[in-house]
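Per-chain numbering from 1; labels A, B, C and D assigned in written order.
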Amino acid sequence: MIVVLKHGVSPEKRDQLIAWLENLGLRIHVSDGDYQTVLGLIGDVSVVDMDLVASLEIVDTVKLVSEPFKCCNRQFHPDDLIVEVGSVRIGGGNFAMIAGPCSVETEEQIVAVAKAVKASGAQLLRGGAFKPRTSPYDFQGLKGTGIELLKIARAETGLPIVTEVMSAHDLPLFEDVDVIQIGARNMQNFDLLREAGKLGRPILLKRGMANTLKELLMSAEYIMASGNERVILCERGIRTFSDYTRNTLDLSAVSVLHELTHLPVIVDPSHATGVARYVPPMALAAAAAGADGLIIEVHNDPMHALCDGAQSLRPEEYDALAKKIRAVREAIR
Amino acid sequence: MIVVLKHGVSPEKRDQLIAWLENLGLRIHVSDGDYQTVLGLIGDVSVVDMDLVASLEIVDTVKLVSEPFKCCNRQFHPDDLIVEVGSVRIGGGNFAMIAGPCSVETEEQIVAVAKAVKASGAQLLRGGAFKPRTSPYDFQGLKGTGIELLKIARAETGLPIVTEVMSAHDLPLFEDVDVIQIGARNMQNFDLLREAGKLGRPILLKRGMANTLKELLMSAEYIMASGNERVILCERGIRTFSDYTRNTLDLSAVSVLHELTHLPVIVDPSHATGVARYVPPMALAAAAAGADGLIIEVHNDPMHALCDGAQSLRPEEYDALAKKIRAVREAIR
Amino acid sequence: MIVVLKHGVSPEKRDQLIAWLENLGLRIHVSDGDYQTVLGLIGDVSVVDMDLVASLEIVDTVKLVSEPFKCCNRQFHPDDLIVEVGSVRIGGGNFAMIAGPCSVETEEQIVAVAKAVKASGAQLLRGGAFKPRTSPYDFQGLKGTGIELLKIARAETGLPIVTEVMSAHDLPLFEDVDVIQIGARNMQNFDLLREAGKLGRPILLKRGMANTLKELLMSAEYIMASGNERVILCERGIRTFSDYTRNTLDLSAVSVLHELTHLPVIVDPSHATGVARYVPPMALAAAAAGADGLIIEVHNDPMHALCDGAQSLRPEEYDALAKKIRAVREAIR
Amino acid sequence: MIVVLKHGVSPEKRDQLIAWLENLGLRIHVSDGDYQTVLGLIGDVSVVDMDLVASLEIVDTVKLVSEPFKCCNRQFHPDDLIVEVGSVRIGGGNFAMIAGPCSVETEEQIVAVAKAVKASGAQLLRGGAFKPRTSPYDFQGLKGTGIELLKIARAETGLPIVTEVMSAHDLPLFEDVDVIQIGARNMQNFDLLREAGKLGRPILLKRGMANTLKELLMSAEYIMASGNERVILCERGIRTFSDYTRNTLDLSAVSVLHELTHLPVIVDPSHATGVARYVPPMALAAAAAGADGLIIEVHNDPMHALCDGAQSLRPEEYDALAKKIRAVREAIR
């Protein structure tokens, strides 16, 4: 940690601060410039409250020189993590196509969509059983029944299943789920992160709509600190002033995350845009930007979907898109 | 709900849409302008997926004409709700001063701060027992022990206590807490909202840092739909590009919320700014803007606080501020 | 325009509003729902101040049903506009590669870069002569001399030139420039838009970092209203809370703009990210998303560039990128 | 400037960077921590492109330790600047009430409003002659005639006048204007800043809706670098995702700016909210937060205003508000 003092600070005040920091067990390296003094803190800086130091009257600014995340830090894990889900590999050059309806509705629906997306090349089946809805009056998902229907679709197609958990209380229902999703609204539900991580299943962690990449990594850290390193990160759009799409897809996050961490990074163009006709261009853009996979909503009858029909592709649209995605992947080799 | 069709839509497509909507049980009022056709949907529009209709090729835009929140809607509750906590009243012209440390640390600390803030006019004591921390490596709070220490401080001072719950699993520990806080990061943890609401205690619901006011009200609706109408809303800053304070305090939310809902609206200037010396001006501004109360962090020894010392006022600073707040409240009568 | 009245408005107040609107020359179509009354305004609604009506006590909301932009509205111009610059065509399936240094520095530099980017397939040469700099103490560009150097590079390579104007006062210097750029900070410098438009040259109009797409189109309208329809729009990143890149590239803008307008839409990944190593993935993403071109900074010696060296590619990096861009373009056919 | 190197950088690469920096005329102070090396750059760091250094592969981060603004830096100007406009003083404890219509429309209108706001205690008259409008089809102001009408109102009431300039070309018309306003959309119209500054008149500089406080100060620096130090800063709301008001008023900017600069800071609650009924609470909040003044829109007939009637107070509303503002100012002494 580096502490920059304000111009013209008295030697007494400076020495008081140094004494207080040394008292916390740190060594202090003092560097005097023409205008300002810089303190380099050496040792275990996690004992210092950075915001508190920054708020002191004599301090201009504080800068952390090493990232606070360890388990997911590329610095300590130079090789890409490859998350294996059954025979599917995600990350390290392996591109994952995940698709399925927003909500699981009926056995007929989920099996039909699963077969369709598999035929188009999808390797994992997504489907919501527990649905986070802004309104308590909207359809909340089939819950446990939905998970059972996903398992039937898995049995019929061989596709591993991805589905969202909203509460630690429901985790027992997810023991036989292949990838557990933690949604954007729960990215900082720290209790859920910790408990979900303990199941030992791969976790698909979505970025919250107002969260920085560092916060996303700190949330991954909550999962990984309990010993489960199989975390897949997902960019799904952030909230901005821009008002023509539901969120603003922040594709540069893919490149930045690949530098900061060894975890795979996939993209969700369906929730990022909220509009089915914008999904293909954003999916192709994500593939071109180097994402490790795509999670896309597909519904066989969007006009009668119980949830998010507006952003769902029809199976034939997904099929056409999947072909182009493969071509783009080929083009950027 | 109003559906505006695009210019030049064919009569066949228009009639198909109308037939589909009528099939959902709605009556449709057609209004032809020079350029566009507007459909007014009459009946129970909750059966229609607004986003789906908006995404149809022939539709320009969709507009909901009545708000989706009922329980907290000012339209159906013209009189201000006054939340009573013991002998303290919040809302309807009653201004609540809530103060205390970010975290409960020791009995000595919490009792000392409680006495100090009470002497300055605070009516409720806040203190964190369960702490939402970005990093899993930071101090996570004393948990159950922290709640016990708050109760000791309550017994010593008579101040009702306000403390945050982070997981439905911990709710049994909160049965004797006077006001249960749901933090910004959990504003859309729908499971927690529902379960916390069932305890029947007053709930202090903080706005998420990227949430609209409508989303805040929909979250209040989750609590109130289970029969508990005692919800206090709290503006605590939103996330913007502005980088000199931790968040950007959105004070106009106070006025807008007072129009939309009958629930009391308080302000948290400590988390909004993250810097102790900006707390007094923002607290005074909130009082001048018509807030129903203030929740402020006060610590007897900010330099050694285990959490958020940077934004904590010292008791003597709080005392000076409290006097000015009363004067401002007097000035805007 | 549609005006939705609040629930429970008295017939007198409603009739007063209708009378006031009719007095402005409009016909009013009244539609009564179960909960609310909707007025459809028919006629020349440009005489009504939409914000004023929205602010009236009895009004819930106001909705414009036709877009306020005409000259650049896709509705009236179904075919893509192709902007011709010499023999280069932009839009309507023609992809433009624009490249060059942030600032023109010397004849040697600009000619060398021009030759290099031409060899890699660039069709237009960019280079800043007038530089908008946040600080008055930073290098402000070579101004008129810079434009002369660009012309020399054009003579040597045959590449048409693109350069930014910052003040209407300087426009005489731009009479022989092929494409005049209006930068993000001047997107709502209405005087400059109007005056630059009058020169009759193609205009490259960049989106302001906090501007909506509708505002961008209204600024295009300022240019086009003076009779110059050759406007090229450019997405270059918006300002958000996200802090790892200089701006957040909003790629969905490409798809949305293609629906709203017939003007070509290009992307600037250099300013969007501010970091050279993020430029290739974002450039490829933009091509995959359907952009009509790319404007990219290339410098033969970024370590000694007078401006924005951080985001400049080296010629050999640009060459490798250009090949991949062509492959991606091929892949999405 | 401080340069933090990445962990594990080779001594060769480190020494290359140091040599390159020393070559620019700087002395380098090297500080080795357990994990990282920090270079302190001593000397004239303005010769270094901070972004370029930050983008180097071996560099983790770069931090400027002294602010790049000089003329408006509180560090070099500890005493508040008091801007004198005729007999009115702004800053240093002097609170300025500025009021008037959005647009000057007729002599009758501007004189009537001037007399009304003067009677309520306003000390300066505002009124738009040149109007920045998003649409080229909206009323653009009376221009030169508007300025003449303002002068008539000044002659009738003695109130100095404040009006906005949109183009350097129009500056000759502003020679007899008391305070020249530069609007939010032109905050980074650097040519206009420089030229307007040269007139030697006080400048009211509004913060752009997506600009940081540092950028605002750099724009003030453009004006002051030409020798004119009489700059008044104005917070008028920033653009965020929050959608119930036109902008989000960032009141903490008042406190932060007071620390960073000696220039006076006023607030515009009319443009910040866009809604007349939210203006009084935000005006009172700004006064409570320590602003040096308020600029508020007042119109004698908002229903027939040519511009921004929605946000204009009626004279009697302004009168009631002015009384409360004085009371709040008294309360925070």
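Everything below uses one rule, namely that contacts are C-beta pairs under 8 Å (C-beta built on N, C-alpha and C of every residue); 3 or more make two chains touch, one makes a residue touch a chain.
Since the model is a prediction, treat every value here as computed from it, not as a measurement.
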{"item": "Which of C-D and A-D has more C-beta pairs touching across its chains", "value": "C-D"}
{"item": "Label of the chain whose CA centroid is most distant from the centroid of chain B", "value": "C"}
{"item": "Centre distance in Å when chain B and chain D are each reduced to the mean of their C-alpha atoms", "value": "31"}
{"item": "Chain centre separation (chain C, chain D; CA means) in Å", "value": "26"}
{"item": "Whole-Å gap between the CA centroids of chain A and chain D", "value": "38"}
{"item": "Two or more partner chains touched - positions in chain C", "value": "210, 239-241, 277"}
{"item": "List of chain D residues in touch with chain C within their complex", "value": "20, 46, 49, 51-52, 54-55, 68-69, 132-137, 166-169, 185-186, 188-192, 194, 208-210, 215, 218, 221-222, 225, 239, 274-277, 302-303, 305, 307-311"}
{"item": "Residue ranges of chain B touching chain C (in the complex, touch as defined)", "value": "2, 4, 7, 29, 31-36, 38, 40-43, 60-61, 63, 65-66, 75, 239-241"}
{"item": "Sites on chain A touched by chain C in the complex", "value": "210, 212-213, 238, 240-245, 248-256, 272-273, 277-278, 281-282, 284-290, 324, 327-328, 330-332"}
